[in-house]
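Scroll down for the structure; my scribbles are underneath it.
All chains are identified by letter, namely A, B, C and D, in their written order; residue positions are counted from 1 within each chain.
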Amino acid sequence: MAEIMSLREAIGTFVRDGDHLAAEGFTHLIPFAAGHELIRQGKRDLTVYRMTPDIIYDQLIGMGCVRKMVFSWGGNPGVGSLHRFRDSIERDWPHRIEIEERSHADMANAYVAGASGLPFAILRGYVGSDLPKHSDRIRFIACPFTGEELAAVPAIKLDVAIIHAQQADRRGNVLLWGILGVQKEAVMAASRAVITVEEIVDELRPAPNACVLPRWVVSAVCHEPGGAFPSYAQGYYERDNRFYLAWDPIARTRETFLAWMQRHVLDTASFAEFRRVHATTAREAA
Amino acid sequence: MAEIMSLREAIGTFVRDGDHLAAEGFTHLIPFAAGHELIRQGKRDLTVYRMTPDIIYDQLIGMGCVRKMVFSWGGNPGVGSLHRFRDSIERDWPHRIEIEERSHADMANAYVAGASGLPFAILRGYVGSDLPKHSDRIRFIACPFTGEELAAVPAIKLDVAIIHAQQADRRGNVLLWGILGVQKEAVMAASRAVITVEEIVDELRPAPNACVLPRWVVSAVCHEPGGAFPSYAQGYYERDNRFYLAWDPIARTRETFLAWMQRHVLDTASFAEFRRVHATTAREAA
Amino acid sequence: MGVTPTETMTVAAARMLRNGTVCFVGIGLPSAAANLARLTHAPDVVLIYESGPIGAKPSVLPLSIGDGELAVTADTVVSTPEIFRYWLQGGRIDVGFLGAAQIDRFANINTTVIGDYDRPKVRLPGAGGAPEIAGSAGEVLIVLKHDRKAFVDTLSFITSVGHLDGGDARARAKLPGKGPTAVITDLGILTPDPVTRELTLTSLHPGATVEQAMAATGWPLRVAPQVAVTPAPEPHELEALRALIRRTEEAHGKAA
Amino acid sequence: MGVTPTETMTVAAARMLRNGTVCFVGIGLPSAAANLARLTHAPDVVLIYESGPIGAKPSVLPLSIGDGELAVTADTVVSTPEIFRYWLQGGRIDVGFLGAAQIDRFANINTTVIGDYDRPKVRLPGAGGAPEIAGSAGEVLIVLKHDRKAFVDTLSFITSVGHLDGGDARARAKLPGKGPTAVITDLGILTPDPVTRELTLTSLHPGATVEQAMAATGWPLRVAPQVAVTPAPEPHELEALRALIRRTEEAHGKAA
């Protein structure tokens, strides 16, 4: 049952070292504030899931929080590589993370299976791809009616899902809209769910059939306005594309990365403070 | 690509004798107008699918349109039995329809599989039920990762889906809201889709993430205001519970049923005319 | 005005729901009981209907499983596949609240046929959502009127699983939920024996007798050594129930 | 102002989309070409992005696959699982429009690694939606710049299937879609030979030569007996493309 609490308390209470964790978002509503808090609290040995790991996962990897990453597309969207991810894979820094690599269709179906309480999902996929050669978790089974061979993949079952949403009410019911990605599925596939929101309102006014996560599938709601920055929250603010561009040179070397993380994340106590520091450093850089 | 046309033309063009057909609706938005038109045009040998076959399916069965029915709950909701269905099963009138009986969870998953282009669906279901003993289309398969036994059921693939919706625009894009049941899945699982609507508007104004069926998955849009009567269309009119109650004695005997169908459906040229006749006969009965 | 057995049954069933419970509600008696719970001691009970509404708060009882009242009062409405996939099979339902045409001593349910499947004496509506609710909900409550047509020695057909042939049969079948934990009738409350899982009369409604219950049961009914008396409906419960029924009749007409 | 090779490539790729085509669009060059088609000869082309927008009509190019501009201009936005399940796997996509880091002579695509998988020389972003787009879309168009780094003799890794090892290999693998039907580069257009399915240079953009194309290809490139010349971009096409790029740069900054 959702409790409204600080992000620090929520991450402290609901995320444990070694957890299987997804901080999902498909360009929209990426939970950056929560990602920073994971880093501040020094979470370790996480198995992290995400269809599109981007900057915040790059930061988690570079700061040594990640043991293994399950993903389908890892990059800085519209810009290029995730340098910390590549440094880990290509040169073992800070350590070599394990990877389990899938396709989007696979992960989307695996989240659905997890949300649906099933142990696996079936899809028509991977034929002709080398990906199954590098995973014992992509198998092929025959349809019991037609004999057709289909890919079978294990469900994603999470200890904790972290997402960002537009609104919650004071009882902890959550509303999100626009590009939804796999966020609902991640929450439904998880034992615990931490949700940061732009706004806490007296009453949600969802459209019919809107994406509402009732408070009894939510562990914590944290009021973090701007908490998806530099991604966007439809109806609240736009994506800060300059941040994504600026991240590329910062992440390229270990030194610039560590200095940035120290100044912006480890030395700040909250995402609000990070935003203030970032406003200053971004002005200086410009 | 959707064409806007009369219901008579749409049923004439897109429904063929022997089709696998679903006229779906879960209490809400039940396509009565289209069902009547199937009867008027004397369609035959249909394999009809529906989670909750109710009065309109009772009429199709009683008028001899149905060869086989695939269903999970057949009744007059809140009232009782489907007498024409029972007369067919129990006493072969007008002929004995074949039945394939499932659970709601099965059919819902089978529609999803059909919409998803898969040959089958898996679910955790049917354990301890006698239903699998009476069907060779409920099988059990093992999860290739955990070994857990799960039910496997064939996908529902339709020749034609028929649904009723609130709105279409002039290009044939369709919008529905409220209780959606499996209507979207039925349309996506079908080769052809005939959709009757309350209203044709210049521009749809869907909420974010609303249920929109783009015109390129729709074959025909037919303007049939009130076409879900006696069920309801949220935002337009309420369910006519009296009709459901009144249906019970009408359907109980073959004679009253046939007389009603003759007067209200076969002798009327359209649903609008049926509504006028029904208004008169209902007044007389009261 | 005296309390009717149906009223006592509905109140007794409503009391079984704790506040905050997430309840998958069947239409008819279960829906009346679940909404009475919501309107009395359990304002935060969450009602989910298979047609898609989550957190429905109807002010009148739905006549059908997909009434508009359910949709407009719900926290949100999802598709029917999502209800069965993410919410029921996903393990989010605490209590499945079911009616039945017939049950046996292990609370297995028949809603399919009476007589031979292929040539039935009576063709019932069929399974609906019950087989998977009975399998996957955390526990199951069953509410139905107590008579020999309903409480039968041998079911013609098991539509939805109760405790199978008793004992640890459910666990051996690897069913996720605990299965039926109570059957609430217009005479009393039956609960499964902790070991054999055979339904046992553990509570009688005021005025009902063990003899009545045994006579209305198609097998030799087990009776607990100490049969409790169901506390009579409280005035506020009766008032809430009657107001609900009155509002419903005004909205739907008498037969609802 | 002269026409750049990238402009010619984008215009040539855009022309491949017929009006009304339902197109599953990758980010970057495919998105530019698909939107140019929509803004010129194919106003009713339907653009679907894997993040969920169906019928997106962005006025500026998205920098990412989930830009808000896609959501607010779409007919509707569905979940990402629904995109892959009901729309792509469900067989509703006419054309999958992909980019690639590398391709081989049978238009198989690598976007995973260069070098050894477990110890890669270059770690690329990975598969994204491409393996299933390549399998299930009615046909596939690929757009990428023509050089030896991209057009390689042997891929380190096949991420997404083209024509496998050629001939009827796709049909034998029971892949639903026809696979790649054209590769549009900044030098010309390659199409699979009808029998062997090996990519064949069938059209050269104005000013490009067969020698250039061969030099930019990491295998002995097949050249059609009659190589067409791609019609040069029309003024209205160039104008639309440049206006689109200008609007995009104003919205996102230069690097978009």
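The rule we apply is simple: a contact is a pair of C-beta atoms (placed from the backbone, for glycine too) under 8 Å apart; a residue touches a chain by one contact, two chains touch by 3 or more.
Source: prediction; values computed, not measured.
Hopping across touching chains, the smallest step count from chain C to chain D is 2. Chain B and chain D, compared by their mean Cα positions, are separated by 41 Å.
Note on chain placement: the centre of chain B and the centre of chain C lie 28 Å apart, centres being C-alpha means. Counting partner chains per residue, chain B shows two or more touched chains at residues 112, 117-118, 123-124, 148, 178, 180, 184-185, 208-211, 234.
For chain D, residues that reach two or more other chains under the stated contact definition are 71, 77-78, 85, 89, 136, 176.
Applying the touch definition to every pair of chains gives A-B, A-C, A-D, B-C, B-D. Interface of chain B with chain A (complex): residues 117-120, 122-124, 137, 139, 141, 143-146, 148, 150, 152, 154, 177-178, 180, 207-211, 234. Across the interface of their complex, chain A is touched by residues 20, 22, 46, 54-55, 71, 75-78, 85-86, 89-92, 136, 176 of chain C. Chain A meets chain D in the complex at residues 26-28, 51-52, 71-75, 77-79, 81-82, 85-86, 89-90, 101-105, 108-109, 111-112, 123-131, 134, 148-149, 178-182, 184-185, 232, 234, 238-239, 241-242, 244-245.
The part of chain A that touches chain C in the complex is made up of residues 1, 112, 115-118, 173, 184-185, 188, 206, 208-212, 214, 216-217. Residues 27-28, 50-53, 62-68, 70-72, 77-81, 83-85, 88-89, 108, 112, 117, 119-123, 125-132, 134-136, 157-162, 164, 170, 173-176, 252-253, 255-256 of chain D touch chain A in their complex.
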